[in-house]
Every structure is written in structure tokens, then in C-alpha cells.
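A short worksheet on the structure shown next.
As written, the chains take the letters A, B, C and D, and residue 1 is the first residue of each chain.
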Amino acid sequence: MNGVETWIAAILTICVFSFLYRDNPLYRFAEHLFVGSAAGYLLAVQYQNVIKPNVVERIASGNMLAFIPLAMGLLVLGRLWEKTTPISRWAIAFYVGIYSGIAIPSYLQAQVFAQLADAVKPFEPGWHAINSVLILLGFLSVVAYFFFSAPHKGVHGAAARVGIWFLMIAFGASFGYTVMARASLLIDRVLFLLRDALHVLPAI
Amino acid sequence: MAAKRPGGWAARLMGLDRRIIFALIFLATGLPLLFPVNLPITPSPRVRAAFDTVDRQPPGTYVLMSLDYEPDIKAELQPMAIAVLRHCFRKGLKPIVLTLYPAAPGLIERALVIAGTAEGKKRNEDYVFLGYKSGSQSVILGLGESIRQMFPNDFWGTPLDKIPMMKGKNSFADFPLVINLSGSSIADYYIRIAATRYQRPMVLGATAVMATDYYPYLSSKQILGLIGGMKGAAEYEKLMDITGDARRGMDAQSLIHVTIAILVLLGNLALFLTGGFRPGGSGGSREGTGR
Amino acid sequence: MSEALNTSWFDPARINLLVGLALFVAFLVINIGRARSGREMYIRPMAGLKAIDEAIGRATEMGRRVLYLPGLGDMSEVGTLASIAILSRVARRAAEMGCDLDVPGYDPVASTIMDGAARQAYIEAGRGDAYRPGTVHYVSAQQFAYVAAVTGIMLRDRPAANIYMGSFYAESLFLAETGNQTGAIQIAGCDQVTQLPFFVCACDYTLLGEELFAAGAFLGREPVQLATIAAQDWAKALAAAMVVVSLLASVLGHPELGRLLQTR
Amino acid sequence: MRYGPLLVTFVVGTALVAMFFIPHHKVQEGQSVLLDWANVVYAFALILGSLSLWASHQRKFLSRAEGWPYSFVTLAALAFVTIAGVVQGVEEGTLVNRYYNMVNSPLASTMFALLAFFIASAAFRAFRARNAEATLLLGTAIIMMIGRVSVGEFLWSGFPPVTEWLLDVPNLAAKRAIALGIGLGAVSTALKIILGIDRSYLGRS
């Protein structure tokens, strides 16, 4: 980026940082500029990567099959007017059908079977087995916590209680190790301001 | 000043205006960048394994480098890319660089210029930049068949056949080493396709949040080294004996983490003084922790 | 060497997934049968869901809006589908109480669907005329442009309650922390594990993981819907039992039971 | 008319589930064609959404409602980037790409960076040892934070292994159980839609 562009980026960076003090015209300007620019970029990318290749170019090359997605797309635009809104349900039904159909086997494989396959790996040798037992205990107690059809009472209640402790440790660990990632992003922005914009730090 | 009830400052501390916390975090970031302390960095075994894997390649070895990250998360992966590129150049390796992210080419071009000038290497002689191609998984599968089908030209439009360096380089088989720096599931595609199906030795660089999910692939030898987040990049810079943005940032990382930890401890000290702790827990209401 | 074109009509390596799916559908059908035959389906209470009614009531008293955030997942995230089901229940309660709802949308298709669902909920509550056309409005399909717009709404419109239901990512803390600052009552439900700690820390009530999927059925109270939660529980019990049994088997020297779960 | 869309969801949904189990190359090609069509529907929904976004800001601008100058900024940016992007494209070297690096990228990465501030304020307010569970949460978070930075290693060499144990054992156990629950919940939710038990998506609940 040349000088002017770096300055504009730096000013917008400061506009966003101003939100930390409180909501103010600078932040509100950055917000509205961002909403418009992002919407525009998404529309342009969708046209270049989806509509042009799948509809415009296919129809131009005589592939009549491309009229179907075009028709469904126009059905969606039917929502712009009150009387044509009901016909848009056909395109929505198709879309929801596609992604529900994809979701069932992929969630079953990635979230259910993959986790269970990991869980049934044989215990590690030696004293590492303690870790395997702890993992099994944690797994079963958190599953007990999430059980819906029975109240948290008696043995089930005790297991659920142990499950809460495992959840709290997991949340603490997850929170703790996310701090570094967020800090990295802030360091990058402050480095950008100090070095590229204000030239207080030497260029690399 | 009249002796205040001990709860006075504690109560005030409990309700501390968060803008004071924001100011502290800002200082904890800016000061170490302006006045570096250079706390010691000890490279972890995972990063050393990645470094050694690159280091033991004989000069002239071709390396396929896929750098897949958007500007939003360049903080952790851009310094890592520069450090690894400089290592390849210093060892006389020949990196062929590509990306599967639409907004990444500008970033990678800058990384190549920085690393290239630092080690005195030139485009199309010491490295080739193939640019961006959409369709992440299908492109990686395509690289197994023919690079030229996926990337007929390099990033600046020169046909691959006109670049002497690319002669005889057609698919994964021609690359003894694959390096992927990624902030998303693209890492899984490379592990499944390049490392497992085509048996390519592979080094992975990932963001800090993602890195822990890939420890199992390291123990199963599907990847030979793992560089995690800004800390991993700083360790790689330490092994390279260079000071890049990652090492510059590590002091700030430490100070930010310490600042948050001290704030939390102070908050609890204040809670203790104002008698807020109820030993024995408050029954099952987990939401109580949120207030 | 390109792979020879595959012409087989069934992938034998995925037989275990097919059996798993068939079992689940069976659990579903059995439980729906039990529910239709009048058996009372007990589902343990979830504090977050009781709080939704209180939150809408409080917003109505204060004459302020309820802000419903459907998450930043697109339709391939099932959390978004769950959020649509919850929204139609929340919209119905809001219509009955005469409370104004604001639903800024991220995914354009989900926004279109939710507009229809909310409108229908108002009609079924007998308040079709009270439905404000801009209630569900697409804001942005870019993560942080959406956050910028929504934080603007939180700070300027000052909704009395913020309800987060769906798939949220790194922006969860930005939204929940800003909402916490405005003093609104905040109820969250999210299926992204890494974001749960932030909602637990910044919201009054948090539905954890699968509780998001049970919420729609729970709020609806229809027996058939509750049956699907029972089916999930049966499957969970079976999964836990399989883990215990196959671990025991492997300790006794028969690790092959575990290989049944391997998938390609 | 009433049951038509429900039938479409059932047929398309069942077909996509079946395609997962049929590796036949003709079937896989069919699946990718259907996915391309879905992407086109998404693109038109984005156009619909953007038109409504344009209309709401235009209404605010023309009626000089409170905050109308900001709406003008949104309208101008939306119009400029859309037209330039559609006409000239978005790759490296185009006007929109330079605009992206100058406006979208710094705004997005700085908003992302604000999370470092919010994680500090959330930790300060929420990590209060009110009860045993809250103490577990904050204790683990503190150990994890200190153990992952060089100053932590400096204080006690045992910190990093402890943080890795926390991730490899308790965190893994809880995440695995949550993932299992989410997987089953998601399958149940998607099945309810395909089988027509849940119809809220069609505007009928």
C-alpha cells in the first residue's frame, strides 16, 4: 500500500479503536462504511465466482440446464413483492433440503463416529492409563450432565455434578489458550500503527 | 485522608471502569514493542522438529509451500511464512509458493519480497509464486495430477513452461517436502491428500487456537513438525537467529497475559475482602458463574 | 495415474454409518409413537429457556425491544436451522405479549426464511397485523461488518434483552461483552464449543452445545417434538454404552469391537 | 401448493443423504451440480438481502431520519464496490482489491483485535471465585494463560506440561462429550426438517 492508502487504513484503525472509549461518530462512520463495503465486496465476489460461471457463461455456451438454477434464483427474488412471495418457498425448500441432506451423514461421521472411534482407543500403557481413565470418566459424566429425559437426581445427579466440574475446567482451558490468539491480533494492529503509519519503529 | 473501611477501595475495584482495563492492555501491548526486553524463548520440540525437517533437505531441493491465510489472521502466520521462507532460501532450497485464499496474494508477495531481499534471492530463479486458485480441496487433488492444469501461469502471468526452474516439476511426486501454513480446515485437506495419500513429508504451521487439534497428527507422524501461533513463529525465528515480528511480539504477549492474570487476582482479592466467597458451591446453577 | 471411474453403487466401508443412521431413525419413530399414544415425555427444565419468557416480559414492561441474533452460521450449520425453530417460538411469545422484536440477519437465505417464520408466528398468535415488516432484516454476511452493525443497534436502540441462538464464532465475545455493558438481560445458546466459555462469562444464561438443539422442541412443548429429544437421549445412552463395552473388551484382549466405529 | 415445498425438501434431502453412500462417479457429479445450483440460490438471496439493505438506508437517507449521513456512507460504499467489482473483477491489481486492502481489511482486523480488550474485561468481571465451579474455571484459565507464554516457562518449567495435560485430558473429555451431543442434536434437527416434523422454515410452524 502506498502512503495515502496506509494513512486511510490507519485512520480507520483509530476510528475502530475509538469504540473502546464509547460509541461515537468516528466509530459509527467506520461501522456504516464497513457494512456498505462488505456488502459490495460479497456481491462482487458472488457475481464473479458463482453467477457468471454457473449461469451467464453456461447459458451463453448453450447449456440449457443452467436455466434451472437461474429460475430458482428468480423465485427467491419473488419475495420482493407480496403476491409472489409464496412461490419463493419452492427455492427455499430445495436449498434447505440440500443442506439438511448433506448435514446428516457429515455430522454423524465427524461429530459422532469420529469422537466415539477416538474414545474407544485402547488404554495407554503404564501410568498413562490414569489419563485414559480420567478421560473416560469425564466423557461419561458430561454425557450424563447433558441427559434430558431424567432429572439430575441420585446417581445421575452426582454424575452430572462431576460433569459440571469437567465442563468448568474445559471452559477455563479453552478461554485461557484463546487469549494468545487475540493478543497476537492486537499486537499486529499496534505494530501497524507504530511502524507503517507513525514510523516510530524501523521498517523491517 | 480519613481511614476508609477496608471494603472502600475493594468495592471500587470490584466495579472498576473497564476503560481503565483497556488502557492497561493498550500499554501492555505498545510499551514492549517500543522498549523490547527480549524475554528468553526456548524452542519447543514441535517447532524444532519442523526446523530440522527443513534444515536437513539438501541444497536445490524443491519445496511446495501453500500459504493459506486471510489478512484478518496474518498476525500469527505472516511472520511464520517469512521465517520459513528465509530458512529455505538460506539452505538454497527452491520453494514453489501458492495460495488457496482469494485475498492472500498481496500478503504473500510482500512476504516473498521481504524474505528474498533479506537472503538475496530472486523471482523465477530461486522461487516461483503461482498465485491464487479457488476451490481448496479440488485444487490440492489437482496438484497430485498436474500442477500446470491447476496453475498454467505464475502469479505475474508468465506461463510455467517458460520458467526454467519449473522444468520437470509436474505433481506432488516431484516435491520431497510440502509446507502448509493455514488458519482453517485446508490443513486437514493437505494432511489427508499430500501427506497421507501421496506420502509427502509435510510440515504444518497453524494459528495458536487450531494448533492443539493437530498434536495427534504429529504423534502419528503424518506431519513431521508443527509451528503453533505467534509463539511457534517466534521460536522458529530464534532457531533462525533472526528477529521478526513474532519475536518482537512475544514480550507484549507475556505482558498482556500477566496483566490479565494480575487483574483477575486483584478482583478476587477484592471479592474476598468484601466477603463474596461462598465455600461449598451454590448447587447446580452453572449460570451463577456468568454474572 | 487418475483413479479409474468408480461405478459401484454402495460404499461398503460406510455400512456402519448407515446402520447408525437407521438406528437413529428407528429411535425417532418409536418415540414419536410413544408421544402420540399419550405418554408424558419428561424433559428436564433448562434455566435459559424459562428466562426467555421473563426477558420478553421485562422488555414489554420497559417498552423496549428484544434483540434476537440468529448466529453467523450459514445453512450448512445445523445450528442455524435450530435457531429458525427457536425464533418462530420467540416471535410467537413476543406477538402474544405485544413486544417489539429486532432480528438482524447474517446469512441471506436464513434471513429470508426467518422473515417468513416470524410473520407466520405473529399470524398464529392472532396478531398478524402487528408484524413490523423490517423485523427480520439482512445486515451483512461478513463477520465483523455484522458485529459493527449489531453493536451499533445494541448501543443506540438499547434493547432490554439480547437472545443469541445459533452458531457463533470469534465474534461471540465482542457481541456478548458489548451487550453486557448495556445492562440488557442476555440468554445465549451456541453449538460452537470454543465459544461457550465466552458466553458463560458474559451472559446471564447459556445453553451449552446440544441444549441449543433441544430448545426449539422444548419451547414448542408439542409431544412429537419432545419425542425427538428422547430419541437423542437413547442414541447418547447407546453411544456411551458402546464406549464402555468396547473399552472393557479391549482390556480383555479383543480390541476389534472398536474398529466397528472407524469410518472413511 | 401447501405440500409441494415439503415434498421437495423430503426428496432432495433424502437424495443427498443417499449420495453420501453411493460413490458412483455419475452420482457424485450429480451432487456437485446440485451444490452449484444451491450456490446460485445463495447468490440471489444475497442480492435480495442487499436490495433490502439498500432500501432501508435509502429510506433513512431520503427522509433525513436521525443518522441519515451515515446511511449515505453505506449507500455510496455499497454502490461503488458492487459496480467496480462486477465490471472489473476483484483479484489482485483491480480497483476493488486495492479498496479491500485499504478499507475492509484494516476494519476487519482491527475489530478482531478489539477482542484482546474484551477478553481482559470479561475475565476481570466474570472470574470471581464465588463458588467451587467458578474457582475451577478461573484457576484453569489463569494456569493456561501463564503457562503458554515465555514468562510462564521462565517462572516454572512445569507450567507448559501442565497446560498440555489440561488440554489433553479434561478439556478433551468434555469437548468429546459435547461434540457427541451436538452431532446427535444436529442429525435430529436435520431429520425433523426432511421428514416434515419441523416446518418452521417454510413459514408454517
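Please note the rule applied: a contact is a pair of C-beta atoms (placed from the backbone, for glycine too) under 8 Å apart; a residue touches a chain by one contact, two chains touch by 3 or more.
Model, not experiment: these values are computed from the prediction.
Colleague: For the interfaces A-B and A-D, which has the higher count of C-beta pairs in contact?
Modeller: Result of the comparison of A-B and A-D: A-D.
Colleague: Determine, using the mean of C-alpha atoms as each chain's centre, which chain is farthest from subunit A.
Modeller: B
Colleague: Roughly how far is subunit A from subunit B, going centre to centre by Cα mean, in whole Å?
Modeller: 19
Colleague: Suppose each chain is reduced to the average of its Cα coordinates; what separation in Å results between subunit B and subunit C?
Modeller: Between these chains, centre-to-centre, one finds 32 Å.
Colleague: With chain centres taken as the means of their Cα atoms, state the distance from subunit A to subunit D in Å.
Modeller: Those two chain centres are 3 Å apart.
Colleague: Indicate the whole-number Å distance between the mean C-alpha point of subunit A and the mean C-alpha point of subunit C.
Modeller: 15
Colleague: At least two other chains touched by the same residue of subunit B: list those residues.
Modeller: Those would be 18, 22, 25-26, 29, 72-75, 102, 208-209, 212, 231, 253, 256-257, 260, 286, 289-291.
Colleague: For subunit D, give me the residues that contact two or more of the other chains.
Modeller: 17, 20-21, 41-42, 45-46, 48, 50, 53, 90, 100-101, 104-105, 107-109, 111-112, 114-117, 119, 121, 123, 125-127, 132-134, 137-138, 141-142, 145, 148-149, 167-168, 175, 178-182, 184, 186-187, 190-191, 193, 201-203
Colleague: Can you pull out the residues of subunit C that are in contact with at least two other chains?
Modeller: 17, 21, 24, 78, 81, 109, 112-113, 116, 139-142, 144-145, 148, 193-194, 196-198, 200-202, 208-210, 214, 229, 232, 236, 239
Colleague: Flag every residue of subunit B that touches subunit D in the complex, lowest number first.
Modeller: For this pair, the touching residues of subunit B are 16, 18, 21-22, 24-26, 29, 39-42, 44, 71-75, 102-103, 105-106, 109, 131-132, 155, 208, 212, 215, 231, 250, 253-254, 256-261, 263-265, 267-268, 271-272, 276-282, 286, 288-291.
Colleague: Write out the stretch or stretches of subunit B touching subunit A in their complex.
Modeller: Its residues touching subunit A are 19, 22, 25-26, 29-30, 33-34, 72-76, 102, 114, 134, 207-209, 212, 229-231, 244-245, 248-249, 252-253, 256-257, 260, 284, 286, 289.
Colleague: Could you please specify the touching residues of subunit C with respect to subunit D in the complex?
Modeller: Listed in rising order, the residues are 5-11, 14, 17-18, 21, 24-25, 28, 32, 74, 78-79, 81-82, 84-85, 87-89, 92, 105, 108-109, 111-113, 116-117, 119-121, 124, 134, 137-145, 147-148, 170, 173-174, 176-178, 180, 191, 193, 196-198, 200-202, 208-210, 212-214, 216, 220, 224-225, 228-229, 231-232, 235-236, 239.
Colleague: Using the touch rule from the top, collect the residues of subunit D that touch subunit A in their complex.
Modeller: 1, 4-6, 8-17, 19-21, 33-48, 50-51, 53, 67, 70-71, 73-82, 84-86, 89-90, 96, 98-117, 119, 123, 132-134, 136-145, 148-149, 163, 165-184, 186-187, 190-191, 193-194, 201-203
Colleague: Please output the residues of subunit C touching subunit A within their complex, sorted ascending.
Modeller: Within the complex, subunit C touches subunit A at residues 16-17, 20-21, 24, 41-44, 75-76, 78, 81, 109, 112-113, 115-116, 139-142, 144-145, 148-149, 151-152, 155-156, 193-194, 196-198, 200-201, 208-211, 214, 229-230, 232-233, 236-237, 239-240, 242-244, 246-247, 250-251, 255, 257-258, 261-263.
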